[in-house]
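Structures follow.
Each of the next two complexes has subunit A plus one more chain, namely subunit B in the first and subunit C in the second.
Then we have the complex of A and B:
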């Protein structure tokens, strides 16, 4: 039997770590999704030059492991003259990294809106901004909700990577506790549970959102 | 004066010369039916009339106003800006083969979107008019439904009502029954006939020959990017003057 009393004895400390994870996750999800959304719209709708820039950004960001980006952010941003603490640096990395993935989700969803939708809107006298806001985005958002939520869960889990450059959060706290107590199994089982507590509601919120936005899509043609 | 005037319309897709100089006019209240084999350019021609397809040269006039290009001081045609084109499009309703209703909006919202957003008309007025239009196409009961709940024929009638909600001067129909199950074709054609009888100026691209003869004031037969024959339904259907039209009619009868 695993002695869980070690875990419960250290629970307050781990909960503080979980709070930081929640904080980093929230910044990553909100910041990354917003930035990625803007990138995705630009990547699908803007002129050729902007579209190319977006494609290059996505290619570079996705082509390198997040672990490497964490080092790059932590050591590289200060080299560029940015005086920011580790916490800010890793959050910037997480947001920028997430944005690339969100961008591709949103861009794909926009491009998946049938051409006929845009033609119909134009035939009714609608133009660029109105078509985007009233016709394309509502459909693209609905289409991209499931992968976006899935992505949000990923971000929370990826937030553990910030510990590699010494930013303290749940996984960092867990290793500290393990080193103190020499009870890795019970501690990490408990930490698993804490991560689950954060991720599960996000996944659940997806289902609610999907139901809300499923209006008009009860049956596919 | 003609409601629609088309002069020397030309369109190429890369190396393919799709429209090789199309000329015709449609008077107010007249119904022109365009027939022809697939690939003859009839759909492309229709889509040029509201500049959804940008033609390369020629002129399109709607009720005396050019659509697409405007001649500058030296008589050189300049593409109109998006605003001008959009404003002209509000005068030309279009119905598509694939309905293209907005799936995230209810039937009523589909009708109301453009009058509210494009024309900025008062909401109550638009709602009343839209409901009336839905009644007219026999779908008043579906105002609050989403398009996916409707049959193809019902969706297409909503699409007609949506175009009419903008109070266009002209209606274009691009093979609007081709995607429908045979038993649903009749209800859509019925709605179009009703519209024709009410005096709407219409151009209809269709493969429904019986309907063309019944509703068309004039028939235009296109082949390979040109108008081959153009005249009254009796003339074209009963006395085709060209081999190409007689062949086409023979094949369509099967």
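Then we have the complex of A and C:
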């Protein structure tokens, strides 16, 4: 049996790391969702040039591992004259990376709104801003909410990768504790459960949302 | 980029091509293992017997809701304690297959459950065993239906091989980091790496697209 007393002895230290993980995750979720929403609306509704730019951004960002972006941000952003700490640099990367994924979710949800509704709104005399705010967004937000919540799980998991470029959080703390105690099994498995405690409730709520919305759809038809 | 920069990058190309090759080998090997492991997980996860279903779903949920990095650490740093001394390469493949197998199992399951139950019953009526019906009737249709999700997952897997940099596998990401540490070069090395990854994921994406088109035509 794995002796988990080592894990519990170091739990206070690990929990401080978990707090930083939550912080990074919150920055990624809030920042990434806001930026991604703007990108998604632009990617679905703006002029052709802007739509193409958004598509290129999404293609480049999603085609490269986030770890590579983190290294680039960590080594590269300071060279551009920005005097950032590593913490800020990786958070900027996490937000920019998340934004590309959120953009695709939101764009898909907007494009899923039937065109006939937009034409109907226009024939009622509504203008672009009003159509977006009153017709498209309410449906698109509802449609994209479950995948967006699911996306947050991915963000929390990816926040662990900042430890590889040298930012201190739960995973980094776990490696420190393992180096000190030489108990990789109990520490890493324990830390795995700490991550699970953060991620699983989020995944569950995404599933609940999905079920609730699926029921709403069924009633409508 | 100046001429000196280009010259520097050119000098790093041999090391890069080796590393890129390793990334491809890692990805292909992990894909095969993950797809097989996913199938082996999907069966008990859909079983009617609770003693099979609960452990399988518990494993899948645990894998899906924890970072791959920590899973790799458990394997790489933990396995030697129980007498399993695998190379970092092997540990990496096991780690990636362990997580992505769980994701793939969920995708398989979604595909299998989307096939009409009566098809299985019809196959049974024709005298097929459950395994045979699954292999010949259900699974081919299920896989065709979830091909987009499946290939998407494999692209994520390809990108996830970069995480093995953390346990010392000399694939592209770690190679780039070491070049920077050794030569004091700036982050432009990572631009090269990013382009290489972009090429690989795009190639896989195009392959997936071609596969989908072929399936659509066949239907």
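Going forward, the second predicted complex is superposed on the first by the 206 of 221 C-alpha atoms of A that agree within 3 Å, B and C clash if a C-alpha of one lies under 4 Å from a C-alpha of the other, contacts with A are read in each partner's own complex, and residues count from 1 in each chain.
Methods note: a residue touches a chain if its C-beta (ideal position, glycine included) is under 8 Å from a C-beta of that chain, and two chains touch if they have at least 3 such contacts.
None of these values were measured; they are calculated from a predicted model.
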Sticking to the clash and touch definitions up top, decide whether subunit B and subunit C on subunit A clash or fit.
fit
Does the superposition put A:142 against subunit B (first), subunit C (second), both, or neither?
first
Scan A:129 for contacts with subunit B and subunit C and give back first, second, both or neither.
neither
Pick one for A:185: touches subunit B only (first), subunit C only (second), both, or neither.
second
After lining up the shared chain so the two structures overlap, which partner does A:72 touch, if you call subunit B first and subunit C second: first, second, both or neither?
second
Is A:47 touching the first partner subunit B, the second partner subunit C, both, or neither of them?
neither
Going by the contact rule stated at the top, is it subunit B or subunit C that touches a larger number of residues on subunit A?
C
When the two structures are overlaid on chain A, which partner does A:114 contact: first (subunit B), second (subunit C), both, or neither?
first
One more residue to check, A:12. First (subunit B), second (subunit C), both or neither?
neither
Tell me, in angstrom, the smallest C-alpha to C-alpha distance between subunit B and subunit C in the overlaid model?
24
Along subunit B, where are the residues that touch subunit A in the complex?
50, 52, 82-83, 86-87, 89-90, 92-94, 96, 98, 100-106, 113-114, 117-119, 146-149, 159, 162-163, 166
Which residues of subunit A touch subunit B once you look at their complex with the stated criterion?
114, 116-117, 119-128, 130, 134-135, 138-139, 142, 215-221
Touching subunit A in the complex: which residues of subunit C?
61-62, 64-71, 73-74, 77-78, 81, 159-163, 165-166, 173, 176-177, 180, 186-187, 190-191, 193-194, 197-198, 201-202, 205
Subunit A to subunit C touching residues, read off their complex:
60, 62-69, 71-72, 75-76, 79, 153, 157-161, 163-164, 171, 174-175, 178, 184-185, 188-189, 191-193, 195-196, 199-200, 203
